[in-house]
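Heads up, the next two complexes both have chain A, just with different partners, chain B and then chain C.
== the complex of A and B ==
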């Protein structure tokens, strides 16, 4: 049966090429936009190396102090992380690292801007970077405040023209570091691992950071198991309640939730009002709403095209109805036809998105971005295409199936 | 004629309602993009209020200490850094500032006036800032040593803010209205206007002009912290290599601090790119959407015309000219566009009426509305033209025979 539908569909597509072209243009364009958006979200939030344990990692990326008239939100401070984030029950490892800061160097008289992150040794155990040469710095080096650095491939290119860098020295932010490892570039949108140069926390110019509750640092916790995460969050929440706040006259409460990066983005994007619980589903609903709204116009367009072509099929429908085909069978057939068209459009769209994503990656809008397609995005694309096909196919199919056989056979226009 | 057209459109309402819905949606898309474009162009024409060439911005990163930190010491160190920068012959003028144009840091404040809430942006700067930024004081004067030890805090405001706060009266010497402090806090210090400048648009040429006020860093005030940035006007033709010399000098003056040096022109480029890139992406998507709709409408009108061959043939047989047929088809299309536009305009005017859009001036909004309405008419006519021409080529004899 399906084979027969497919055969008929191709006959119909070939009959009026202009209409098929217009339909395919709309479908593939719509799917390109949705696929590019999906690929960018995937690039930013889905588990990719070096964040290989993302499913059992949570972090503290945002803290807020709240008082009757004042509100202060920023990154958490080192003291908050150091005193309260360590040794949570069910945690396998905990890492504290600084916010990435822009630093300047002048190798050979030319200016190089880099992003510098100060980290502990656990950072390299939770995140699995791909080392091109050398290796990470360890606990001993952090403890002794040794001036050692891990750099990325782009920095190696800028300082040493791509030659082997391990053992050589770079000067950033007026400090000299010996390079111990080189990793491949990490996209700038991956906020947790991203930097150009990573150095030990203890090499900071002063110890002032150690006494701060707010500002400048982040922490991530790797749970032993996914199932441990709720208990781990609850424990941290009760610890946060005991934190003594600076400036108690102005602030009376601290909100510092353990979250995934996506949850923090959702919190900040929707306007943080100091909720204890993350509500990422609201951002997901918003994104889905925007996608649906975007699909509305292409859908109406496709429905319009299909409806206006009902009469083209009049004699076919008339004959089938006269021989006893039910409306439901006919709706089924026309929806299958529309889905088939959407799938062809989807295939064209997929090809075009590869092109668009490559151009986006090459344009350098996002530093070190490598937008690509993977199975996950392909599955999303397929789901979107099917949804779009059914969504835009049902109404015209219903209209077609309602055609009265006598009218249809006569070819009346109404 | 009109009634007849209405009847024709009504008779085919089930098909036409979808066409109207499509034009309605396209109008909303077009309106959004066109209004945004008009808004940006309108902003672009307004004066910026400063000159960004040959200005370098040095960000001062003191060792973190935000609460009990040694504010006094930091303010002292910042003054030493400013003095060190001024020693270079390459530096024509230098000043400290809380924030700079094209910087993401901002400080805004509001005050409840009889006419409603007035919100404006604030910056705190040292005395030489007007020379660094090439700003012109229109009335009164800029900050100077004269202001040391005064009982009130001097402010310089933009002409727009002066109008909001004081109407047409002379703002010089008046004190800026402030909301009463929250319970338990000490009373606020008086802010007195000493000068008026034309404009100052921290968020760049595409942002809407907003009220702006400058306050002064007072070296005498023990409560005052350090400026976050130094702004330097370097002499024209200063080589980029001077940056390294400057960096080493500043680093020698304050070893625990970190510095970032960036020409303002480069900050501008990055800032505008970050703001415009998403808009360009949206505009490209909208353009494709509109093209898709235009092609779709062509298809729909074409199909309708072929289906109405018999009706058209009959009219031709009864003596209607090709022109009249053409006018009828185009007339129907115009009628449907008008219906869609009427619905669209009803929706669109709700936004300013419900105060959902406040940043866009009514004139800009109206221009956006007019332009997008014209564009929708233009599009439907342009893409409906060819298929409606086809209708005129129908031969009466053939049409009446048509099955």
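== the complex of A and C ==
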């Protein structure tokens, strides 16, 4: 039976080349857009190295001071993190690191632009970078403010033409650092680990940052267990209430929630910056809604095309009914045909997505991006294609199957 | 085999009501070869569709082997059409996308059997109508007479006991028409298949056991 359906389906596709082309184009184009978007989201938020413990890591990525007439939003400051984020119950490790700053160097007279992050030693224990040579700097080096640096492969290429870099020095931000380790490039969209050059926090040019509540730094906390995270967040929230605000006349309240990068993006994107709790489900609903709307257009198009095919296949429907096909059997046949068409469209879409993602990666739009398709994204693609197939097939199939056999044989619908 | 009692078929649209069949009573015994004659538009095809369970009468009763099927829904009618009845149409109604043998297999698709068994039965039916050499051709590659023979093979492949033929020779020249008629007669005589055939041709009607005449939707014999 299935073999017969598949055979018939391919014959119909081959006979109606334009219809098949329009359908396949609609499905595969939509899938490409959705796949590329999904791959970018996956690339940005899903657990990938070095963020291997993402499931039990939260961070402080955003703070806001609120007063009756003023609001001040920025990254948290070092003092807030240093005084209040450390030693949370249930935390295994805590790391504080600076915002990535763009700095310039002039090796051999050419200008090189790099992103510089100043971090503590815990940074290297929470995030598992892949070291190509050497290793990270440790607690002692941070404490002693030694001028050592970890650089990425791209920086090694720019400064040393790809030769071994450990033990050699680089000058960035007008400071000279001895390279102790080289790591693989981390994509710019991974905000937590990303930089070109990482140096100890204590090498900052002044100590002024140590007294700031707001600005310039982030903190991440690795919980001992995923289950500890809610308690950890609650404890930090209560600690934040005790923070002495720098300008008590202008600001009454500090909102500084521990959350995942996705939750912070949801907070910033949807404008609920002053709320204590992030509402990531709103962003998920918004993204799902946009994706659904985007899928709806080709689905409706496919429904229309399919309905218009009814008349063309009326005689076939009449014959099948006359020879014993029930309406339900016919619905099954037409849905199988449609699912087959959408799966072909899905396969084409998937192939095109690989191509588009590779082109995007190579274009350098996002620094060090390695957009790729993984099983998770493939499952999404498959689910999307099936969504098309079933939704755009069921209604037309039902309409077809409801044709009165006598009318169908005459080639007209009542 | 099949009994129609007080059959009335009325087509209603918003403006007019057309009586296609009125007060038709017909009893076809197993093994009979019955022809239905009458001018165009007299309700011959409608009568055949009612007998074939493709169309429900507005009033009256259809009984197949004594079983009244008036209240049967699509799910119960479908297996009856599949096992008991075979159709032959004036315009063949072959599916152009499918090969000859795939067309013939259609009634068997709706039965539980293996692909091999299905193929074997289809080939036997094609052999029966003398088309064993054309199994992988497509309908468009065949003459009208050959296409109608494929349609007959499709109608008999499931060994139905009732064959309903709607002007099976209407689109063929007289020689091809005679060939088709010979096949039908043979099926009736050798396999004892009950046949009801609509025709315009008195010559063909004479070859059947009995002729039912319709005029304006009523029996006139």
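Please note the rule applied: the second predicted complex is superposed on the first by the 402 of 414 C-alpha atoms of A that agree within 3 Å, B and C clash if a C-alpha of one lies under 4 Å from a C-alpha of the other, contacts with A are read in each partner's own complex, and residues count from 1 in each chain.
Operating definition for what follows: contacts are C-beta pairs under 8 Å (C-beta built on N, C-alpha and C of every residue); 3 or more make two chains touch, one makes a residue touch a chain.
Not measured: the values here are computed from a predicted model.
When the shared chain is aligned, chain C comes close enough to touch A:409, but chain B does not. In the superposed model, A:339 makes contact with neither chain B nor chain C.
Once the two complexes are overlaid on the shared chain, A:319 sits against chain C while remaining clear of chain B.
Counting residues of chain A touched by each partner, chain B versus chain C, the larger count belongs to B.
Of the two partner chains, chain C is the only one touched by A:329; chain B is not.
Of the two partner chains placed around the shared chain by superposition, chain C is the only one that A:8 touches, whereas chain B remains out of contact.
After overlaying the two complexes on the shared chain, residue contacts for A:22 are found with chain B alone; chain C is out of touch.
Contacts of A:186 after superposition on the shared chain: neither chain B nor chain C is touched. By the touch criterion defined above, A:304 reaches chain B but does not reach chain C.
On the chain C side of its complex with chain A, the touching residues are 49, 52, 54-55, 74-75, 78-79, 81-83, 86-87, 89, 93-95, 97-98, 102, 105-107, 109-111, 115, 154, 158. The touching residues of chain B, when paired with chain A in their complex, are 14-15, 18-19, 21-22, 25-26, 29, 61, 63-69, 182, 185, 240-241, 243-244, 247-248, 251, 255-261, 277, 285, 288-289, 292-293, 295-300, 302-304, 307-308, 310, 403. Across the complex, chain C is touched by residues 1, 3-4, 7-8, 11-12, 15, 315-316, 318-329, 404-406, 409 of chain A.
Within the complex, the chain A residues that touch chain B are 18-19, 22, 25-26, 29, 33, 68-69, 77, 101-104, 106, 109, 111, 173-174, 205-206, 208-209, 211-212, 214-216, 246-247, 296-298, 300-305, 307-309, 311-312, 365, 399, 411, 413.
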